[in-house]
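Here you go, one structure.
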């Protein structure tokens, strides 16, 4: 078997299909929504706006991995139900995080893309179970994982039977503290040069600051990314999670316009 | 509730008891054995030597977290049975890694200490389940976790009901490539200054080189650690895992002698 | 006095003029040439090509900072003379590294921009002397300097009398080894959001790989950079320094075309 | 010529003599004093205490490298004069930082050891000039330099004619922010295993916290260091520089006692 990490030939897909939405190739995917699903109203407002601006995928966390055991842990299945309602209403696809391997059936029954977060990138028990479904998996890079380790984690999923893998760069941990993380766009350029597996950029977690989301989204696309995942909240000041890095609805509208221009300049098309 | 991470008062234990072996306080714990349990003979030879030299705890992995899905993944339950046999024969306690949350009952039925590895330090599903048993937990620091995140992970276990938590420093990831990891002894000194929760040092993973294990074990004890965990193999050249950092039996004998002298110089006693 | 590092108001210039070439604002600066000046022929060939493709500034090192004392240290003043000849012939401006404070008069008598390398970013003796000339200074970020320290180093130059300061991001040192450095485009976006001092991106040192130079040059411009500095060699295989990251002449031609499209998409103009 | 960095044979000295004080071998060197020389009284009080407790070398900065151009930059030559007076009075040797290559004659005419700070480790102009004197040089590790680069910097000094080189580990820059730097004791153990060039540990800069100086000094000696350099101030609360990491006089007395015990346990002798 050829491994991804030999970096020359491999069995990964260059385009992963999520229903009629293609991730990879010439298409640019836009995933947006709140960090955490907080209420029905908050989510539907966000979903309507993503759909209106031409995004294809709605994000929102129902199970939240929090550094402190005393922080808000998410709405759980109630959150999943709101996501499904938003899909029904808007036609958007859904991406949400699978946190615990025990929840794989539950989460898989609601979502279109299973998101694996940074802290779980080397949770091998979880990765092996992902091989047993055929739902697309978006595998975020561990915040201190090398590119090789990241590809090896993808290999765990693929070698256990599921080749619908999308990578997501969300920033690595360095000595710099002026930004939340350091987005490693070099890594995107390297992977696209060697492999062409789909890669999404998350400039919200990657910078931690609302003002930096738009320039870094554009930079990510220029480096070769196949789409963006951004946090957007109807009222960032009241967000229960990551408000300082969430775009407002207006910020998001402007980002889509700007991204459209950059996408054309690098031969990608944004389906608006 | 007072949290560990307030770094002034907390509900952690200063001494964790593993049967009649005390971890913390004036006692110095010695944990040694092979990286992976490879065979009955290999394990019993190692166990006999640990016991002979005065160690109290036998280490050995039955389930191995490997970066590549194609590397040796451990003997599984067969490995646990050899560990139990070695305990019966030598009187040593056992520490072994719990890798998958589904295996908690199985592993817990064999081991005296549940080891959580670096890659699982923020696997919150696993941490919560550890709160439901009262077996001592040895929580290795994530290779890119801050000290605060490490203590927060301990807080997950304690706040869910199990206050028998032992920390283990095993090196962090830095720009330096001449050693496998960079042991952060500053972190040990800081934690012992503020909290006095038991901390073990693992100079095998922390350095990746056999020759550096002994000086760094002594350094760790001088910085305040309550014990060491080292890899030792009857025949390191043939080890299936981490041979280059495994001590030989003779190396281990010499290490215990040297450690005894340093322990006395910092008012610790090594139970030989 | 307001300091750069207060990150709200400061005395820096938003556009630095190098003769009739403007660095900053709507203009995009292209600096290219070999890592080291190796011979008259090599340099003039490179210079002709940079001019032909519409670049404005020729780079080339006459004094090379090398990790090993036994590596090629540069042609010294002979190299400066070739640079001056190339300027005469092509009309390009020159940027070259000032390595030793004793050489400031010599190098300043030849060059249009004084480049300060990564290793000298906190060489305060050198920074103070730069305050005594009014030649533009391009200050590369130390490979492990925080953004704040980088701005403080710029403040050394400005507060000693020279406000013609241009910053250059050339990658920072992280745990990732698959690329030579990690380009911190977050830092560019942050500085442009807060200050708008001119910032150049160096994707050659920032990635260490020829294939990644073009995507990362485009990414840097999208993140807000005011120009690029790239290594280009008539025959990279025979380069005495950094051949693996040097573009060929053809690569450079293609890069300029691609950059032109991205520049327009972010409202910059490339003077071709 | 064999290079240090071949890590097997080299021309370095295993013991560097500073007058009758030996650095390296079985002897343990104690260097202590204030971060910056602030006044005659402050320095003489510190010097008397270092001598009384059996230290051999007095530290104190006359020229201070400061991140901000607006911070206290040192007393300059006045500071050097106070150091010379303290030497006369106590018999201690002196170590002080050489910051600018222009000052080498001046500083060399006063000091017994020329200290090169972390920010200047790759200031090759300065390193080359150090080859032209035979005064011992203490070369601090760059805060983001690899061990190999550090040895290469030593090689610059040695290959230019001065083999009296002492290394000093003062902590590296990592993602951890709970301590000022991360002391890399692995590096000390590695260098002593391969080369046995003298290495000093600086736990003051290495931790940034007074309470951690003593455990990390002991840890450094256990890892193989040949001595310590610590900051000590008669009144840390009023220090112009690094007060939070300076020991009081009483702290220092206690440190010497504790160090004595650990030194014996690793076959070093502290000349009290």
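Note that the chains are named A, B, C and D in the order they appear, and that numbering of residues resets to 1 at the start of each chain.
The rule is short, and it goes like this: a residue touches a chain if its C-beta (ideal position, glycine included) is under 8 Å from a C-beta of that chain, and two chains touch if they have at least 3 such contacts.
Chain identities (UniProt): A, B, C, D = 3-deoxy-D-arabinoheptulosonate-7-phosphate synthase.
Every value quoted in this text rests on a predicted model; they were computed, and no experiment measured them.
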Please identify which of C-D, A-B or A-C repeats the interface of B-D; the criterion is that more than half of the contact pairs agree.
A-C
Based on mean C-alpha positions, I'd like to know which chain lies farthest from subunit A.
D
Dist(centroid_CA(subunit A), centroid_CA(subunit C)) in Å evaluates to 34
Quick check: how many Å separate the C-alpha centres of subunit B and subunit C?
48
Touching at least 2 other chains, the residues of subunit B are 144, 173-175, 177
Which residues, counting only subunit B, touch subunit C once they are in their complex?
144, 173-175, 177
In the complex, the residues of subunit D that touch subunit B are 144, 146-148, 171-172, 174-179, 181-190, 192-193, 206-207, 209, 211-212, 215-216, 218-224, 258, 261-262, 264-266
In the complex, the residues of subunit C that touch subunit D are 3, 5, 65-70, 99-102, 119-120, 122-125, 142-144, 149, 152, 155-156, 159-160, 173
